[in-house]
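Read from first to last, the chains carry the letters A, B, C and D; within each, the first residue is number 1.
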């Protein structure tokens, strides 16, 4: 934990937005940032970055995570006396809030008995997260999105599992794409690894190992004042870990110390192809979480509008 | 059914966007409409129109609809050997897709053995909606939103249950607010009735009876080429019904004949107050549904950006 | 807590069946007791003591308890090519383990950081009960059942909510019925209160207040070496409490100190009528819990065989 | 279907217990049979025949069947003001009614538009089984159990997948064990195949192929007037099928034509060892289903008492 605590001292945002804050770096999204984001809409093209929510999703039971169970509660139920008259159908879903494309809330990972901004771990009970729950993000997350296509910059279809993304690689992508990540932006990091699931249909290859951000990126994300960071993998950070003795350092430092929201399993394939075509790597990004009271995450359907 | 079939002949959009179409009036949202929507962002202010998703939501068991059941699957689970090291928490939700703020998909209501665009009712099974499911709306719903505040125009805090909204009332609101609903817009109709739940905490008063659109509005919605219409009630249309012999005519005609998506239980209170303050009744509207494969609806967190 | 701790000293069974025991008073059910139970089968008549498991059950959302949600996962699914050939249907249920007729496991209630037999409360986590879970009762509960019909002995259809049952009343019932509760027996206490739900259909009247065992019965149950005790109410013990300052004393002392399993919401009406008719108040009692690993309770369908 | 329809004519029990009957061969369990069953209790030994209901159960997602999802809804919740005072814990389960040890109801399989006893298939909807539901078996299933240990008689630890059990093999087991299946008995057929799951922990080997009853056994079960038949596999009948063109003939004929209840995934290992030891192959069998209203099956914990 020494490695983590050492970096934590440098990147901590505790108290930065007041002792009661539960939203962290989303506070970087100022009205000006939102106006800048809206100005990115030039063509009127919309891209969904979500995986389908279905029984054949990426989960295979690891850690008790299952794919959504979707069932009909009313099926063609007749209203009134006329069988030719209106009928309605209803349905229900049971799903882990972490089953597919999702935001991790700032209550998802913590250490040392404290969540982001010093809220005590005792606020996190079987009743849910009384602090830092995803419901605190109800009025978001809308900002300018910036896609950095690490796979394309490396000239490969996809980065390999275990590939560690460095700050230098992020900056190389900025230069190659002619874009710069600014304060309040939502950073989308494409590795192409999602193709292990969407193209190869290999859940285990997709979920058990992945390329991703290395621990060195944490200070870079802090310096750039990123509002949120998402990737096309299940963890955003690289796995297997750089140092097996340091568990989930990017999660621990981003979520608990910086208050930086992480987005996982974003399908960036169609958006990346479009950006490569028109050379525009910024867009209006919109991914409102379901305000599940006390939720430690939320399934989402993020949209990029160009 | 004669009343419905008669109007259906005049408002049907079957075939308008091809025989395979499953998106209906959302097709009115052209790139130009989306650019017009983005241009509505002037201040950079965001409003969430969702009710909280929680066990104390508006449902009271009617028709098998329950409030969300939110449970922890992992609670402060230790990662690695160090008890002071990172811990994670996961959760799961079970909820009717119609439990709170939501979109009805074009498979939610049908009659005469056919869904919107003539897709056979046999495509709607215990496995879900193979046609017109909410997953077909994945890349939406982003457009210009127009709020018509019927309660404010009538000079009341809220319209009474059973109050029938007429086309004339909608146009009176347009004139009073100095706005006009155009092709591709998402129309938000405020009645104030949601206060029966959010202020009075009376689920039954909120869910069992409500003010809403009368059947005469259907042709008006068709003429204006509205992309979607939402309200702050559980049905959008008035209940008790205008004619007890004609079941859910607005649902039947909008969803099945026009292919018009309905949004229910939108909390429009904060947005309406802001619009009244600055006189701006249009905004960028963004409400991406969760792409639940075969879903007949989706819980949503609609955002209005001004 | 002084009252509880004082009685606890006298009724504690901790260590009585070894320091590893997780079954408590069910250990009183010896092979001899089971043979005595089987000998009670004289006519070959079977009585189910369960409420139906359905959406219209007794729960009304109190404490997050809902009624079972029963849904079809496969509906008349065709097997093979012939539509006239075999079809199958499957279903799923989501229910609180405490939603209707049930056993409380010995992990359901505890105090002072310890469960029955001194097992630490830390064994009870979001993953379930590692100690004293209902799965430890898999090979039970089969024994001789003895029904004491308190309502009938009092000459009323049902005892009133708040009515405190005393040891004297239990012994009066024994004498009136000509039966005696012996070591290893399962005691069924009928109050008639279940009629508030089954006859009056008033969930709230049934669930919020009830007649039941008073704290004085705890030592009586201990002296008689009862294996388990069940009643036709939601709590077995009286509510409102005898002393508002002493929370659930019967649950606390029976479950945590004696290791006595409690059964709730048993429908004893048909069985009681039959026993009154033939004068036989003992029978083979059989209520195997579902061995839910780590469950703190189990839904059951108890059978009485005469 | 000709093969099935031909046998159906000879084994049909439609109308045998009246046109309204929904219980089928369970009607063979007369009071006399129950008395004979109770007389089998000689030692007072109890055996649970259930698999644990847990997340690591035998399901692997086939046909949408998942293992039970067990979650805590209340975890050590403090009652009253004193933190040292009583605390309670509650939990919830979501499980397919067919996930582990279970009864198939007489609505589980049908063909030709009719369920057992001619009840129309239209009674089986998204709301459940209005006819032949497992709730109709609430007062059962208690009878004499007879275990036929096919593996032991063949001198093997377990029969191989695809092994077809014939009537001759059943009678050979009767002779070897010195027992005879009589009217009203519950027949338990041990193949040993469950060890693929309980010993080898190979879900797929256990669930995808299995030894079991061949189609010729149907008429034998009919002639012997068996009340119910259960086995230690997922299907009771052999799979792969004897004739790929005849889908699930034993399910179709037993459930739909005879009204014979099938029990699946019974763990017979401990019971079989005991019976082999003492030479007693009959016992009091008790497996009350949860009376899930409209359920097409029920999870159970069957008990054998010797």
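We take it that a contact is a pair of C-beta atoms (placed from the backbone, for glycine too) under 8 Å apart; a residue touches a chain by one contact, two chains touch by 3 or more.
The structure displayed is predicted, hence computed values, not measured ones.
Homomeric contact chain B/chain C is classed as same-residue, with over half of its interface positions used by both copies.
The interface holding more C-beta pairs in contact, when C-D is weighed against A-C, is C-D. If you average the Cα atoms of chain C and of chain D, the two centres end up 26 Å apart. Distance between chain centres (mean CA atoms), chain B to chain C: 46 Å. Distance between chain A and chain C, defined via averaged C-alpha coordinates, is recorded as 46 Å.
Shown for chain D are the residues in touch with two or more other chains, namely 55, 64, 69, 71-75, 92, 94, 125-126.
The touch graph of the protein chains shown is complete. On chain C, the positions that touch chain B within their shared complex are 55, 61, 64, 66-67, 69, 72-75, 94, 125-126.
The touching residues of chain C, when paired with chain D in their complex, are 1, 4, 30-35, 37-39, 41-48, 50-55, 63-65, 68, 70-76, 79-80, 82, 84-98, 107-113, 121, 124-126, 128-129, 135, 138-140, 142, 245, 247-248, 251-252, 256, 284, 286-297, 299-303, 305. Those residues of chain D that touch chain B in the shared complex are 69, 71-73, 75, 92, 94, 126.
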